[in-house]
Amino acid sequence: MGGKKVAIIGGGVAGLEAASSLAAFGIDISLIEKEEHLGGHVSQWDRLFPSRRPAKEVTGHLTGRLNEKVTVHTGTEVQKIERSGKSWDILLNNSATIVADALLLATGFELFEARKKEEYGYGIYDNVITSADLEKKFARDGEIRNAQGKIPERVGFVHCVGSRDEKVGNLYCSRVCCVTAVKQAVEVSEMIPGCEVFCFYMDLRMFGLDFEALYKESQEKWGVHFIRGRLSEAFENQDGSVLVKVEDTLAARPLKMKVDLLVLMSGMVTSSGTKKLVDMLGLETDENRFLQPADRQLRANETGIPGLFLAGTCTSPKSIDETISDARAAALRIMEYLNLPAPTLTPSPNWGRDGEGAGTNNQ
Amino acid sequence: MTFDLFVLPFFLGLNILVVILVVKYSRWIKGFEPADRERFRNGIFSWKSLDAAGEVFMESLLHRKMFRRNVLLGYMHMSFALGWFLLIVCGNLESRIYSKVHLNPPYYPIFLKFFVADEHVLRHELLSIPGFFRLMMDVFLLLVLSGLVLALVKRASSHWFGLKKTTRHTFFDRLAITTLWLIFPLRLLAESFTAAHYHGGSFLTNNFGDLLNSFLPAEQLSYPAWWAYSLALGGFFVSLPYSRFMHIPTEVMLIFLRHYGIKPTLHFNHYSNFEIQSCPKCGVCIDACPVHTNAHEDGIPPAYFLRTLKDNNPCISSTYNCLLCGRCEAYCPVGININALRVSQRIRYAKNLNGSFSYLKPSKIPTAEVAYFAGCMTHLTPSIKIAMEKILTTAAVDYQFIDRDGSVCCGRPLWMAGKEKQARELMDHNKKLIESTKCKTLILSCPICLKIFREEYGLNIEMLHHSQYILRLVREKKIDLKKEDLQVAFHDPCELGRGSGIFEEPRQLIRQMATLVAASEEKEMSICCGGSLGSTGISCYQRDEVSQLTLETLTANNPEAIITACPLCKKTLQKDSPVEVLDISEMVIGKLVDKEVFKRDLIYQEENL
Amino acid sequence: MNIEGKKVIWKEYQKEIAENDFFYVRSCVRQSFFPGSETTFLKILREELGKNISEHPFHTTCTGIAYHSDIVPFETTMTVIARQFALMTEAGFHNYVPSCITSFGMYNEVLDTWHHFPEVEKKVRRLLKEATGKEFEKPKNLVHSSDIIYKFRKEIAEKGKFRLINRFTGDPLRIVEHIGCHYAKIFPNKGVGGAEYPHVLAGLIEEWGGEVIDYPERRHCCGFGFRQYLVKANRGYSIACSQKKFESMKPYKPEAILTNCPGCPFFFDRWQYAISEMEGVTYGEDGQGIPVLTYEELAGIVLGYDPWDLGFQTHQVPVEPLLDKIGIPYDPARKYLGKNGENIGKPEIASNLKFCH
Amino acid sequence: MPNFGYTISSDRQIDYDSNDRRIARYLAEHEPSFLVCFACGTCTATCSAGVFTTFSLRELIGNIKRGEIRNIATEAEKCMLCGKCQLACPRGVNTRNVILNIQRALEACGL
């Protein structure tokens, strides 16, 4: 089945999974990633919910499955895309051109810019950080100290920052923040014995099979407190601690408390890379600026344009497992499009077993 | 010769023991409620004492209940108790032969062989009265020694005696048991050494004496042996009041007190002391306790709990985590009222725990022949309510559903938590409510309610569990049931079976509808479903452990369904049950015959749509 | 606290403020609350900055107080406001400058309504025409008078005779600012620095040598809340709001409270007295209160105007201690003498709050 | 003091930092299942006492967690200990022991 060529824009989870799935059937892949490294956001993460396995396991496995059919262009951005007949001419910023029979957009998401929620004081109050910042602390420092170098005695997590919020124009739920907050709450409690941890939530959306168990563990084993209500504002005290105001909606009363560290659960927004391609290719987007597939149920990986496919969080917020399934689905659609026989099974026996065989299994 | 220095340890020990016992018992008896003291006084010189004596013989000496539990265990206890008893009796009679005086000092018979050890007195044929006694004395000694051997074996491997776990020992326990175990070997030695010389024994002591004599200086050793024997006895007597063996005299007292009609009360009192001290720590209750064996909760079995009561510091967990299922009571050979003792301690903890139900406003119910009280738990199993109403309407019973719009709790849970005062508040409310119906019969679906209604409400009307009432309806042909080819097991709810002594009616009712297969543990021995409101302490996970155990016993003979007669049991068991779990009332509506009935059913259902 | 972070936001929230030719409309209440302020504003603009600023005798309320008390319908409000605009148009001005924060909010609200619902604007024009025969143009530039002081803060600093520095210690004066709720909370992009970290007053304090003190309840309402104060039965809420702020700022030892709203300074000033009477609590150093200033008064101090001409004698919380710190000369004897020397009477001595007589 | 005709209204805000959370700690230690309550309100809906009076275990637990313990003693008293809530609770909270321990905690904390 030689000769066929597919270009994938975005070297995150979706791009990697689609690339290896297609390459496994002998299709030539050009994987274009603007960053210097593959793996997207996950490569910046320490551990993953709900199992808390190291993120490296997943990125390692995904990159490890790329075979010789995959040409990786890191640190590379798309300049121009043109349709010539049935194929795509893609001009890169290193002035190389790629010709592909099909084009898959896996341009992913960006974290919501927490500064936009001015009232929470991100970038102004020393001890207000985002979930991503905290994850870096986990990965880099292996310990948690606040700006004053103090080990926090109380940490607060603010759910839905930039999600489900008309004031920032995001009407959707980012799906992964709730369980991420609970995961991080557990990790903080684990790292700092006796630290009081609070989650300020509107609804807890524990949709995954093991998420509820993690939620219960956080309460039962770690005594994490959950306060139902959305932060109205935060303020910095003289000692650098953060004073938060929220309504305890279950007590139907306003509540204020001091935390040594406030973590904002920034949601997912469509990436700048995606926006660029929207202009380049005149793609449709929905009211939340995510790419609009031909049909969200039935043709979730297709666009109106033949040979142009979508995968991953560029169409909507997704968890890693959802993204991987989505990428495989996209791969299958592309196979069909290229008039290749649809594969009967995905040839990656090791995939999915926790960590086992991660990074091996190149066929 | 009727005295020697060596008797002193025994003699003093005996006196000390007697004094301590007299002091202890009289103090406790003085502490009785006036009414109980009255009962005691009237009891002593009445036929009741004879009955009591009879029971003492059966239980304290023969250990009948022990035998029932396990033959070896029973024999061990019997051989010690009965053997020793006979040695004393027989020894006394034997001593009469030799002594001229009418009243011998108490040590005389015990050490008889020492005092009468001289040739001419001891020349007797085997087939003479003295010879007979000698023979008997050796037989009884052998009996006791056989028990001793078993005791030693039990030490090594208790499971032969049907005990998975045995009790832990205190210092005095160890002292007492060591001395106890030494007494009879030493007696054997002392008598044998003596017999070796004068042949004053029988088949055992004579031959054993000769054997020893063949390689030991028997004559020189006999005197020290008597000393040792006396010391062992003395040591045992002195340590007895502070050891588990206090149960020997106290159990006897308890049997008498019971026969005099003295009963345990809700509150801890001096009668409770008799009960606590009567516990032999035999340990049969340990394996009987599902919370202990399966929910891994320590300190619950009476053998442990009662000791903490002796030291007067029961901990919260051992006081509150017990299910009050009463299984240990069913097992207890001494028949101690453990639930009462447990609750008495909860009262002590609950003294400052308040509760006020001033918000309850009196209300009335229209009058009716029969009143039905579903109870809190039944409201969580509406199928039982519906079934009961269906049955009652089918049988055209004139009844009132007292708590159709929500119950005021019967008070049993508060009662079991040791909050008597608060329980009474609720009971008064319900009592007025029920009296307002002027009913003659009260039907209850929840055995928890049933127990306290019967025991504490003081309503002088007939109070029946629905299983009893339905059986009556069947017998009176008010409803007909069809029997089907169905195999079911019956789970005895604690409060219905052990609690209220209702074992048979539900079974008879079930037999009208299906074939009843046995559970591996049933009736008095049945295991709690795990949901009991008697425990406030244990976690839901621990409750599940108990349920699992119960389900194993219920499904031992592969029934197609489990029938119970308690909303709480039903709800608890059905969680993990491999087969369907039904309340007996639900089973009944499934088996109603007579077309009329089905018509009424339809009408009934329409009415309730 | 990371000031750079605030600067990022201040950059985002800058608005156009006209250079000259202002049509000034006074507040209903300020002239009685703080009589010196509005005249000082005009004096500064005319004499110090040489600006062309005019006001109109026929100008009326914007109905803000009635509107926020739910006693006039929005149509009425819009028509009344349309009339004010007509006065400006007739006077040949395009830059509308209300002295009242609530009015500023009202005007923004009305203009925004007209922007989104042109038919409403049409209707209002018709109503105004029918009622008064007047026509109007919408202001080209609508700013609050504090915005103008903010715009010219550097010029004022240059002409200034005093800086906001404690002459005994040489330290900058610690000042908390309070922005009227209707300044930016309704339309954040209409306020200098936005709604969360407004710069309009902070900018003055910084520019004139003082130190801005931020405190937890800074964003909280002063407690006026219209019906909360106007309905006597609700005044407990009003005073509770102010108290909440005082309690919150107290640990930061502020030496003055700077405001830009008619109500706020009045309540901060008077409630400090009421609270001291009710609970014996005062919030300044040794029994004094925290002086409350309007931005005009502060500018007046900086420019070296006579404190009594600025109207400090009408403050409940004495300002003298602050003046002494800065080193501003004043004649205590003249404190209670009116414009033409007649005695305007002294207030009673308060039980707890320190007064200066 | 002059009569102003009004007083200072009290604050409805829960001041978590200054609240007394000893009861919450006691419960967490003596009946840890208290921690897993997720305020679904099943207990309150099924409550036998709730039929006759304003009693909400959900609210009671919430208030204790926030250190709002002013009237928990009188609230806890309303419980009949009937155990319906324990059967209904989706999280296996040992509700009856929570009630008993609230009363013990008050005793232990001398409240």
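Order of writing sets the labels: A, B, C and D. Residues in every chain begin at 1.
We take it that contacts are C-beta pairs under 8 Å (C-beta built on N, C-alpha and C of every residue); 3 or more make two chains touch, one makes a residue touch a chain.
Keep in mind the model is a prediction, meaning the values are calculated, not measured.
The chain pair with the larger count of C-beta pairs in contact, out of C-D and A-D, is A-D. Centroid distances from chain B, each centroid being the mean of CA atoms, peak for C. Closest to the protein's overall CA centre, chain by chain, comes D.
Rounded to whole angstrom, the centroid-to-centroid distance between chain C and chain D, based on C-alpha atoms, equals 46 Å. Look at where the CA atoms of chain B average out and do the same for chain D: the two points lie 40 Å apart. In this assembly, the C-alpha centroid of chain B lies 86 Å from the C-alpha centroid of chain C.
Under the contact definition stated at the top, not a single residue of chain C touches 2 or more other chains. For chain B, residues touching at least two other chains: there are none. In chain D, the residues touching two or more other chains are 33. Which chains touch which is summed up as A-C, A-D, B-D, C-D.
Taken in their complex, chain C has these residues touching chain D: 232-233, 235-237, 239-240, 243-244, 274-275, 277-279, 351. On the side of chain D, the complex with chain C involves touching residues 1-2, 4-11.
Contact residues of chain D toward chain A in the complex are 12-17, 28, 32-33, 35-36, 38-39, 58-59, 62-63, 65-66, 68, 91. The part of chain C that touches chain A in the complex is made up of residues 1-2, 5-6, 8-9, 194-197, 214-219, 251-252. Taken together, the chain A residues at the contact with chain D in this complex read 204, 216, 219-220, 223, 225-226, 228, 248, 250-251, 253-258.
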